[in-house]
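Pasting the structures here.
Here chain A shows up in two complexes: once beside chain B, once beside chain C.
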Partner chain A sequence: METGAPAALTPTRDAPAARHGLWDGFTRFLGRREVLPLLLLIPVLIFFIVWNLIPTLWLLGLGFYRFSLTSGRPPRFAGIYNYQTILNDAGIWFDLSRTFIFVFFAVALETIFGVALGLLFWNSHRLPGRRIALTMLFAPMVLTPVAAGTFWRLIYDPTFGVLNFMIRGLGFRSVDFLGDSHVAFGAVLAVDVWMWTPFMVLMTLAALASVPKAELEAAEIDRLAWHQRLRLIVLHHGKFILMLGILLRTIDAFKTMDLIYDMTYGGPGSTTQLVAMTLYRRAFEAFNMGSSSALAVILLLISIAFTATFIFVLHWRERREASP
Partner chain B sequence: MPDIRLTHLSRVFGAFKAVDDITTVFPEGTVTCLLGPSGCGKTTLMRMIAGLEMPTTGSINFGQREMTHLPPGKRDVAMVFQYPVMYRTLSVIENIELPLRRDRKLSAAECRRRADEVLEVLQLTGERHKHIGDLDIGTRQKVAVGRAIARRCDVILFDEPTTNVEVHAKLALIRAFKEFRARLKQTVIYVTHDQTEAMTLADQIALMQSGRISQCAPPHVMYDKPESRFGGWFLGNPGMNFVMPRGRENGTIRFDVLPGALAFPALTLGEVSLGIRPEHVDVLAAPSEDAVPARIIRSSITIGGQNLLSLAVGETRLKAKTAPGAPPADGSTVFIRCRLEHAVFFNDGLRLPEAVRLAS
Partner chain C sequence: MRRTSWREHAYHALLWLVALIFFAPILWIVLCSFKTGDQILAVPPKLIFTPTVANYAKLFSSRAFPRELFNSAVLSVASVLIAVAVSFLAAFSFSRFKPGGTNFLMFLLLSIRMLPGSAAILPVYLMYVAFGWKDTYAGMILFYAMFSIPFSVWILKGFIDGVSPRFDETGIINGASWLRIITRTILPQVMPGVIAASIFNFIFVWNEFLFNYIIGGLSTSNIPVALASGLYSNGGVDWTFISALTTVYIVPPILVVYFFQRYLLVGMTFGTVRGEV
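Here is the complex of A and B:
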């Protein structure tokens, strides 16, 4: 006679069926057209919220508080006090104007040299040594600003620097590039141009790659002058990528801090003090978190204004043509 | 206007011969259509004439002037590309005037007069101040044609200008091209793979195959007397019928589609075939002494209403075009007569001279 197993040890038929039901439901849920894209977005969204959104909101909030790490007092709500203080601070205005001058000259020179070098490298595929020349050209861009700063500080050194060695060799007196208030700003600017011109070369080469070959050939057959080809064809097709490069460089140059920190520390006096350096000093030397947050918000708004202006200029013609 | 002389012209890309030892003359003041299937080398040949491609070997002369190594700007050529190439920030009139203004001998008034003239012929006067971005692709191509014509260069090159435009714009372009041809007498090279376009526009057609010009002749000669089986197959829609012989005997050759044998003089004959175009095959309802019976496999209607019949005569398959009307039923038996005065004979793929063919 068949006794059979005890009921508790006998696997029932319902349990796996239920598990299958749950699993099926889950796979059906995943299979829905709108679910998978959302699931794939979640890691990016988490990253964005944790690293971008929360710090930005924190920054915005902190700007309305009086909060110094050295006072030992808890943050106190102060309304727009920090903003008023910043706007009434002549030093900040000087730093801002110096930054604007720095950004203008740095980006302009980088664009001019970058476009010129890009045009020289364009269609030079058969030129011997092209690859090594391009690699050497791009080397400054991949250096960390601190390394580049140290490197150039040694080159500029009035006693041991190679540049002064050459100047003396030519019969001139040594120049204290980073210690002379008339020269320091230009010296730092030159290093920034040296570092970031390769980026504009890269953008120019990308822009030139988007120029249709047939249009250049037509221009050659139509005997157009080089400046007409540049204006009517190359810039017309490459302007978006070039403008993007200019925009990225503008925003980046506006934030220049590490290079200055390493080369001059804002000196001599405050002749090379850019606003990002001011922000650093307020936050990590004076530990005035409220004021530095307000200044950071102002810089963020200026960067947004740059971006908006560039995009407006870029699409200005299209909008004008589209209007009745 | 000079003629264009090509001497042993070749262009090699790696192991691929795009243009293979071409020696020919495109006479002055004529329109030569370079016709052939894709990849046959016609665009490469034209680009070498323009100076956009340098030949591997050989030379190019415009009249007595050697052009082989001159850049395009020094050749006095104008060119219309496959896609409408425009200076997109300029208006229609500015696009046409721009190359003219590079010619210091032309006054501003003359530039404007020439531009206005081409706009009138192209029926674009109303669009003269429009921005290029506001025009459709067909109109843009018209402007590109206008820009090339207005320069009045010695040589004008067209690289499949109607390929990417819609049918009405294509007809308008062809009409404008004919109008210009009546007024100006430049040497024109026109690359196309559209045989109708070539037959309509050309003074002579240069048929290309595998980097070589297989035949260069006026359109009617090219159509009626193709030098090779390739020419017979490529021209015509559908192309020529090729009939293989059924048997040879004592210098005569029999074909399924002919009632009797054909006698050939004592020649070293290889693979002989008879070529006849579908419109030269008469389809008869009743038997005739110069016709053979054939079975209709399939019938269809071509543009223009003609019937296109697929026929079988023994093992041989051929096509015939008949006048519009109800075609005979599929599977029915008809009688076909090949008009021998239009037939072409090929020996190893090349046309036999007419003098050697004798009907028995």
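Here is the complex of A and C:
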């Protein structure tokens, strides 16, 4: 392996090639600027083509067919029939708007709590056992969503649950959190807020860490009021990281599924049925693959829009940092 | 040495209180795992009780649990190893040679990762059924690897961008092969990125339920699937089983958060945000 060092000072073409010409020529061919980039990409491209491109094309195509796995009949071409039915299906529109309401409230609450707690933890570097405290704070994020959903069912239980025990202790009547159609949505939302507020705390701490110390010290000397400090210095430097955090949360909340699957399965009625769950039920309960594919294509378009927004903010930040 | 004032003590107590509030539901799971079935459902809830390890004994002596735990471990470790290796090569190519369509491909990779799980798995399910890949280890591992690649490429490209191309040039001048440059010069410098990508994807696959439920089967199901489908026994929910199972299962992710806290931010934002927390 170490043969190269002195020889490389001479033009590479002559000397070592003479000994094992074919192999050397081959490796030199692989190392060429035109070949190497592609060679390195081959594994990813294989993954991309087999597990992304083919399924996505399959999905796009199937969206135009009437195809149910339970009927046993082969797919039948139906043009835009599936899309027409979905766009005319009030249930889908309800589920979509419910999803957006869920996303809005979840992200808003998580951002408010996350930023507040992030500011609270800003000066925590002298906290005894800080690492353990932060681990405990961040733990809900890495908890298996299915496990979280299952266990919150016990906590929410009207007769055996801890929460209702406390509510009764305060003199109120117990609430069937997940069975009452007026409360279930809020109850599911609360669990999502519990799970993902730590993420916004993490993002806020990162945003705060990106604020230059010198400017804060200057503000201290200038005796700027705290709200001016927050607005002019902290927000000015931290806003991009915070924005990225909010966008990531938005995208992730839009995908919420595991949590609901185990906690309410979309019920009672369809009060907690978010669109990922709708698709799941249509595809893997009713096995109506044609119309599910069309719905999946619509969701794909929404996620592409989200991703484009995310990348736009990312580039915006890069441009701003390049020219302050 | 500054004297800690009472204000600082109060501040620290408040921080700990916040951390404890967020941890309380998990603590409750852990407590329940040491109770008997009746104690879990007791009203008022029992905070003081004689702990029992019978639940754990039952859990580890059950037939399915060791197998499912093994599946969880194999699927997450194998897919992460493959994904990170593949992503590292691709990220190097994207970062250094910027082949045509780099931005577009990076965008496509990401948008597929942003798709709701049930939409992403639907065509893959049909494909797996058609090809007979359903419920095979290879099929599961490769699919999880594919799903872990986008974030890994993003994380690693960010890190490789940060390594000056002069290192490559020095290597070339000294006659090193590209393989040697990549493994000996670049890789050590982007180790934090490799760790961040690994732990993030590990946590993802470890906790993943839907994909495993749909394209897996009896022989490849992991613990989340067992949790979701094996809930009921004797007509009611078997909370002792669930709490013991959950307690065992959340130990690795929480240890990861403790030991790799510095990498959590990079992992969760796929490298777009870096810094000390």
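Everything that follows uses one rule, which is that the second predicted complex is superposed on the first by the 284 of 324 C-alpha atoms of A that agree within 3 Å, B and C clash if a C-alpha of one lies under 4 Å from a C-alpha of the other, contacts with A are read in each partner's own complex, and residues count from 1 in each chain.
The criterion applied here is as follows: a contact is a pair of C-beta atoms (placed from the backbone, for glycine too) under 8 Å apart; a residue touches a chain by one contact, two chains touch by 3 or more.
These numbers were taken from a predicted model, which means no experiment stands behind them.
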{"item": "Chain C versus chain B on the shared chain A, clash or fit after superposition", "value": "fit"}
{"item": "Chain B versus chain C as contact partner of A:T70, first or second or both or neither", "value": "neither"}
{"item": "Touched partner set for A:L224, first chain B, second chain C, both or neither", "value": "first"}
{"item": "Partner, of chain C and chain B, that touches more residues belonging to chain A", "value": "C"}
{"item": "Which superposed partner A:L143 touches (first chain B, second chain C, both, neither)", "value": "second"}
{"item": "Which superposed partner A:N88 touches (first chain B, second chain C, both, neither)", "value": "neither"}
{"item": "First, second, both or neither for A:R126, with chain B first and chain C second", "value": "second"}
{"item": "Smallest separation in angstrom, by C-alpha atoms, between chain B and chain C in the superposition", "value": "7"}
{"item": "In the complex, chain A residues that touch chain B", "value": "212, 214-215, 217-225, 228, 231-233, 236, 321"}
{"item": "Contact set on chain B toward chain A in their complex", "value": "50-52, 71-73, 77-79, 81-83, 85-90, 98-99, 102, 131, 133-134, 147, 151"}
{"item": "Residues of chain C defined as touching chain A within the complex", "value": "4, 8, 11-12, 14-16, 18-20, 22-23, 25-26, 28-29, 32, 40-45, 85-87, 89-90, 92-94, 96-97, 99, 105, 107-112, 114-119, 122-127, 142-143, 145-146, 149, 153, 173-178, 180, 203, 206-207, 209-210, 214, 223-224, 227-228, 231, 237, 239, 242-243, 245-246, 249-250, 253-254, 256-258, 261, 264-265, 268-269, 272-277"}
{"item": "Partner chain C, residues of chain A touching it in the complex", "value": "1, 3-5, 7-8, 12, 27, 30-31, 33, 36-38, 40-41, 43-44, 47-48, 50-52, 54-56, 58-59, 62, 117, 120-121, 123-124, 126-129, 131-148, 150-155, 159-160, 162, 165, 194, 197-199, 202-203, 205-206, 209-210, 241, 244-245, 248, 251, 254-255, 257-258, 261-262, 275-277, 279-280, 283-284, 289, 292-293, 295-296, 299-300, 303-304, 306-308, 310-311, 314"}
